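Per-chain numbering from 1; labels A, B, C and D assigned in written order.
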């Protein structure tokens, strides 16, 4: 049966992937909200979408649909708002009788999960999140490869995705709103590595600048040196020469993991899995949320020592 | 010499064409402002852009540049904010010693032009606007063709560009903020027609719904039936079949004017002309601003009669 | 037992009366929200109030309290936000397990009541509103006096409360946000008159300017000529001379009803009644909401005739 | 001649004192702006004030008045917006041909003064600020008393003004927007002490918590131990008993300076002086702005040592 979706944060950067996924999976977007009204993007995917600048009016509309004919009810609320609003919008989804499908990070703090789990139980509705790397073929292969490992592998993660000055002056640059680089960008990789190599045993932060952070994390089966940056200066020279602005490198025991391809349509894959009852839930998201939370709280080594 | 640009409304729909034009003409964007901070688009064009969510901080930065080394001063402020803010942002540009390059409509009301003309004179800076259809080859050909006409031609203008429900709930749907369809969409065509066929002699509005408007305008050398719509229902059947969402038809004396091609890069052409000292100024923009203002004020015939 | 209150719209005009009433009745304010952060007023009443600029953070806090010790839970959400947000904030209150105590008008449209009534039933929580005139001694006396009347009395209502130009440029001047004068100011009097003289049988609007409206309403036992204005020009000369900016006149069968005194502390009285289980609920509010809604929809006579 | 005033930040905490002062000095408020539209306060002072929610519309109106009849031009822009907007609104005032009368702190950073001084010269308009303590009779007496001192006096400043939790969650609690306690609250006292005891020779910060700060400043003729707090816990017991929320203590050489009276109407006095050509200008404000800027930048002793 066709599902009706509503979306928050539709004017933002990641929304188009969700609009595409809703369309690709044969479903329907019926309502959208964003305080910013530059939402012409909607027309590329769906025409009959009720759009609202204010959350309260969006709420009114969703409630009206809920009390109308069964076929008009909203089944899923897709959440693309800034990170610090995720848990509030998840609560909203559950309260209006919809499942929530929320961009990463699901929430900023581990304890936010407790509240939404209780509301899941009160309402019988479910919370899903987007952990698309777990559906990437190369990464699935990696997980299988190390499924039965018994030792600790040496992992090196280096991710540079150059962003202009705007980044640090947008909500993404506000530690309070995005959780900073470790959370906003790192969570993908930390979730992937925990998924492959097991539980966190130890973690360190060595550098924690607004636009560059690095450290060390030890999992059951991996010792990880990690480094995240949005500074163009951190791109390898060959990237700069080729005009590339993203450099993604993961090595395991010195061997490079190839996963530069296969990133397209992962959101659609997440939707397919979620609709088929195999979505990622709160418990799936929790370990990496706990880790990035812990990393955020640490005084970086270089500051501790001075 | 490379010119430094600053831009307002950088998160909006039309900004990318300006970013492209600034880049295409070999110039530099140094500052950008938009209350909405989803501005990752910047990275596709320029990396070292100071971005601000608040106009006051943008002002502070531009003033700081103004008082620093000559090579860092802002020479042009490109204005892509919602229409009702245009005149305020133009005044800002002139006051900080920059020329203004403003999206259409230059202003909402003819009398707004008086004020900015005076400030042009006080400051010695200039106001330019984007009347890109005047640079379209097919339309230039049309102007030449009728340059020496002495009679009134029958013109039929029918423009349908389907938009979702969001349009009327965004600032574009607010008569106060955008001037409505006649202003926001119609001004292109009215400017073009006045440019080709001469001064307005008479004007009528027959329909003035939020998403559909039509009427009659008589110019020196043209009798124009015009119709503008954002309703998908108004698209001709062949468009719908082909999945097109825009239908643009102009006929002169029953003969179709072909101008479906040639729309790309017109913003770059506008920048080239402006930088070469051949930009469109306040006086160029005024006749169509006067016309759309007058049309907005008319009680549509169908309401007058009931 | 002391009740814990949370409040929306705490920076607004009417909030101090609620803060006073919460304090007067020996209760406690624990949380407050308003997008405008000029909320120093709080310190006059309560010191330990968690304040939030954003509704989502307010929601998070209320939910956190809800999941903590019983004595910290929010029992009542007082709603002082702009009128068009009332129903959304009422739904919020009920969903987080609190009763709602909402400023007038409870909602803008009669059908909004259906939804909140259903949520009342789903949650077992209650919605109360502020109909303070019903607690005014002079008006209670009036109700008793006409309790057994069998005929239609001639009533004349004339209410002028002068406001500066700001009024029409604030949310109160937006028909969409406040419901306009008839709703925002008139509802008090219409509720009072219906309460005293019975059901609406007929209604008319004669003038409907943004700052001045008048008409005729026929109830079971009253024929009412009503007139509401915020224009200083409509104040009687003797008011102007005495520097008064409010003129309130109700006559029944030509006899003046005296109720210039007794307006202080009516909010506290509303709180006392509500806490004692005698609050005014949705059904109490509905008849006047229906009437002002109907009046808003009418084409005024003077426009109909031209 | 009656002067026309416009005001920014009219919905904020300090605006009523300015409205009163404009009225007390027989002048006229003609325009007001504030993004928050709860501005009914205006009606207590002036009725014919053009109010705007958006700065751009305010700008348009001031410019319109500027180009109209001489008697309608705005002569003064009173600035009550959050501190970090002061310099932008000062520039606005000067650019539209008005003098600026700005709440303290004039600006957040000393270098902001350079820019506005240049614009003062370009426009021939003047910037004034509110240093009302300099007009307090007791403080004037103090200045005279120490006018010819040649030694360093021991000064102890202790100022506690209890505020609820909201303070730190409003713009006043944002170091970036208000400059923090040292700037927002301390500047009054630092200006007063520098005015009396001469130039800054040395300064220290010992505690720099968001709600409590203290340190040491040495002036030409004073050694000052200073302490500022908004915590109710820092109020002396006798204050708490008497229900007072503010404690203000200044001692010079162990002797208490009595200035608990005389604070009313100081804003009116500032207006009188300013209108009489004896206002406080940029150079008057600069020394205390420099000092609080320097204090903000210091690592507090207690953090340095740990």
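In this section, a contact is a pair of C-beta atoms (placed from the backbone, for glycine too) under 8 Å apart; a residue touches a chain by one contact, two chains touch by 3 or more.
This structure is a prediction, so every number in the text was calculated from the model and none was measured.
What chains, if any, are shared contacts of chain A and chain B?
Chains touching both chain A and chain B: none.
Go ahead and note the Å separation of the Cα centroids belonging to chain C and chain D.
Those two chain centres are 38 Å apart.
What whole-Å value do you get for the distance between chain B and chain D if each is reduced to the mean of its CA atoms?
So the centroids are 44 Å from each other.
Please output the residue numbers of chain D that touch at least 2 other chains, ranges allowed.
Within chain D, no residue touches at least two other chains.
What kind of graph do the touching chains make: line, ring, star, complete, other?
ring
Which of the chains are touching one another, listed as pairs?
According to the stated criterion, the contacting chain pairs are A-B, A-C, B-D, C-D.
For the complex, give me every residue of chain D touching chain C.
11-13, 32, 35-40, 42-43, 46-53, 162-167, 169-171, 232, 245
Using the touch definition up top, name the residues of chain D that touch chain B in the complex.
By the definition above, chain D touches chain B via 55-57, 59-60, 63-64, 67, 84-85, 87-89, 91, 95, 112, 114-115, 118.
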